[in-house]
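Chain naming follows the written order as A, B and C, and within any one chain the residues start at number 1.
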Amino acid sequence: MTNPLKKVKQIGADYKQLDEKDKKQFWVDGILNNALYILMALFVVYTASVKPNFLTLGSFANLITQVAAYLPMALGIAGCIVLTGTDLSAGRVAGLTAAVAGVLLQKTDFANKMFQNLPEVTIGWILVALLTVIAIGAFVGLVNGFFVAKFSLHPFIVTLSTQLITYGIILWFFGLNGNNGQPISGLDKAYKDFVGGELFRLGNVAIPMYVLYAAILVLVMWFIWNKTAFGKNMFAVGSNAEAAKVSGVNVFWTTVLVHTLAGAMYGYAGFVEGVRSGSVAASTGLNAECDAIAACVIGGVSFVGGTGSISGIILGVFVLRIIFVALTMLGVDSSSLYIIKGAIILCACALDMRKYLVKK
Amino acid sequence: MEDNKTVITDDTQAEDKKQREFRGLYKNVKISVKTLDFIIVICIVVIVVLVALDLRNPGFTITFDSKGGTDVVPQNQMYGEMLEVPQPPTREGYVFTGWYLDHVCEELWEEDVDVIECDITLYAGWKEDDCAVDSGRVDTAK
Amino acid sequence: MAKDVLLKMEGITKAFPGVKALDNVSLEVKAGTVHALMGENGAGKSTLMKCLFGIYAKDNGHIYLEGKEIDFKSSKEALDNGVAMVHQELNQALKRNVMDNIWLGRYPTIAGIAVNERKMREDTEAIFKELQIDVDVHRVMSTMPVSQRQMVEIAKAVSYNSKVIVFDEPTSSLTEEEVEHLFDIINMLRDKGVGIIYISHKMAEIKRISDEITIMRDGQWVATRPAAELEMNDIIRLMVGRELTNQFPPKTNKPGEVTLKVENLTGQYNQLKDVSFEAHKGEVLGIAGLDSSGRTETLESIFGIRTRKSGTITLDGKKCLNRNAGESIKNGFALLTEERRATGIFGVLSIKDNTVISSLKRHKRFGVYLSEKSQREDTQYYIDAMRTKTPSQDTKIRSLSGGNQQKVIIGRWLLTEPEVLLLDEPTRGIDVGAKYEIYQLILDLANKGKTVLMVSSEMPELLGVCDRIVVMSGGRVAGEVDARNTTQEEIMTLAAKYV
């Protein structure tokens, strides 16, 4: 859009016209509004100075890989946030679909195989499994969307219920065929290659196939958000549901479809997650929605509703991942990471609110 | 009734209507920017302090589940470092086959390739000791 | 007679980023007088009051109450010091009773613990008696009509022994009788020596009630004169800064044959009962009535966003079910809602998105893809046709003025190529110049053979723009008049028929 250099010049010119008090305010605003980016920069600089291998091609490749893994869920949940809602069931849905994909695609000769009579894992069977898990995710999303739209309930309540229900189904699933809650492992090599196989090498780190898939998903979602009537309707409903109703937008179907699409995204996320962690346990996907929501809010998908962009979501996921990669390299304890995650979400909400209030 | 004409709509009306504007989750937000600034600063400080505290004792814990064998002491390693290969555990009637990432012993931890990236638990792999059965009971402990 | 100056605001200046909302404004309110404050949209009246009550911090200037400089930090502090405001939008605890609302936050107590209900009741009744308000003090607020709730608000202001009371558009939801009562109360307060600031846009009221008038324009003080010296035209001239020759464009439309027939419309969850009327091609049909007489409900029921119990809608001999907005749009209806901010605009979206949202089908290519180019063309067409003032198509609509927002929404509806336009208060919250343009637009549409139904609370507007006027009362049609040979009195009589 506008030339960034010009924009900076413009800001500089504006700045010169401000008086002392406003100048101070300019800096306070600037620092606070960008607090998370500054925090990220701080961690990056510190980590780079302590761990020289942080700023290498390999570590960059690692970052891209992580972003590609976390992006699909954020893309899905962002639609719910645009509708001024949220989705707490995302992580569990991904956990369930990871388990289903894992069971469908276990090695044929694996001793602890849960279902013995499944066909051999071929590319066709992998695609069937992929479609199955996407359908499962979409179904849970459909249930979410139906109750959110029909009951006019806040999505917190609805998705909290489906989260619990999904978890129950996961536990039940892990107990099938005498599995007794054991993690599902022994995933077939074809499945692993399909998801995690080498796309190309960056430095000495392999970039897996799912980076490509994530890129495709980004393109698809960008098209849906910006170039379809459904996307326009989604923003209209998020911005003002009453006005959308008057304008002839079918608010019910828009809400249902947004949640269904989100569910399909979680389904895909689960499909990838299984390969990424090597085996699927009942706890797979736990709290994954927190990362996704945080990334969206950081990326400017505001709880005010009706605002947000795909590029913002990507930026949000990147910022969050950079912070966590830096912290893991520094060796920060995982229990502390939870507290930090919580603080980041609160901070992002406060920032979002601040931007909204100052504009008003 | 000439002067009964209502000519000007008032701006207060327009402004009060603004209150009713659809504002999503923030429609009930009543908080000053100052308070928000304070909250933001607190959050950032909490994060930085936590990181600083944690950096005094950094690293990841690797725990070993010997699955019936002798206990192995947990290790603490930094990100990207390799495992300090411990003394293999022992178990009566079995031969140790290596450390695995999963409890059913599918994913072998390759000691000279894999690096530590997070807290992990490694599981001992065991194979029944054929020769021990053949030659009667051989005490492999010690 | 010379009276003491009670409240003095001097050189008040307040700037927001980019605009100077108040520029060196002064205001003097004398004890025992009613001081009217007038001005166009954005003239700065409410900003001035917000500075008085400490909702905004003033950048410059001084405020004196009885000679002492004051600087309130909140409306609570203002109340404690005897400066009260009766809001147009009432902020009351609706589920509580009258007494609770008056003494909220300062309940009289016994020994500092238990609430002294008896004292509360007696005090409330004393105030009500003084003001001749006939309301049961135990009644729950939500069960009372707006006018009575407003009386409670006034009683609350009096209970603080206020020296200055600000009335902000107090009559906008009152019937004529209630207005009389309100004026009695205001006169009584004036006689007691209270200084009253009266904000309103109704000329007749201002002329009747006020002693002095201060006029503001564009955040600046323009004039303060005794009310007796000002004629209505002077006031308008001072407010707009120019002479207003014609309030309404010439009527040129010629109504044709009947197109729209509404028969026995009865609402499921509202008071509508057996509403029937006809509208002609190329006609502007006005719908008059008091607030809550069912005007808005009629339009919304026709458009299908309110549930009908029974009734039929026929357009050009074809029965229209109009079960939801989408279906109504397909059948050639368009509805401009009354509350633009609540149900009209998508505040955070761009002008373009606001314009095309109801007519996305026009831009579809290959079944899914929306053509950016055709969306921009349509938007630009209506920005030009309506002379909407906006920096670009990508500007967020909430940054536009009310009149320009209204034009964007009208553009949205025209893009759906409607045959029947249902306009609910199309000029509310819009300033004089823009109103004229909207009237012109309505008549142009009628000239093109569209049928326009227009609800308005402003009687002169209905008389000036419409061909016929249907008057509603208590959810029913009370009568129908020809706009050319009727009077406001006739309409008001009809409007009170079923109240």
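What we mean here is this: a contact is a pair of C-beta atoms (placed from the backbone, for glycine too) under 8 Å apart; a residue touches a chain by one contact, two chains touch by 3 or more.
This one's a predicted model, so the numbers in the text were calculated from it and none came from an experiment.
Greatest Cα centroid separation from chain B: this falls to C.
If you compare A-C with A-B, the chain pair joined by more contacting C-beta pairs is A-B.
Chain B and chain C have Cα centroids lying 56 Å from one another.
Centre to centre, using the average C-alpha position, chain A and chain C are separated by 44 Å.
Between the Cα centres of chain A and chain B there is a gap of 16 Å.
Within chain A, the positions touching two or more other chains are listed as 239-240, 242-243, 304-306.
Within chain B, residues 21-22 each touch two or more of the remaining chains.
The set of chain C residues touching two or more other chains comprises 342, 347.
By the touch criterion stated above, chain A contacts chain B in their complex at residues 28, 32, 35, 39, 42-43, 51, 53, 84, 110-112, 182-183, 185-186, 238-243, 278-279, 302-306, 327-334, 336, 339-340, 343-344, 346-347, 350-351, 353-354, 356-358. In the complex of the two chains, the chain B residues touching chain A come out as 21-26, 29, 31, 33, 36-37, 39-41, 43-44, 46-48, 50-51, 53-55, 57-60, 78-80, 101-104, 106-107, 117-119. Across the complex, chain A meets chain C through its residues 223, 227-229, 232-233, 235-236, 239-240, 242-250, 304-307. Taken together, the chain C residues at the contact with chain A in this complex read 303, 305, 324-326, 328-329, 335, 337, 342-349, 353, 356-358, 360-361, 364, 368-370, 372, 412, 416.
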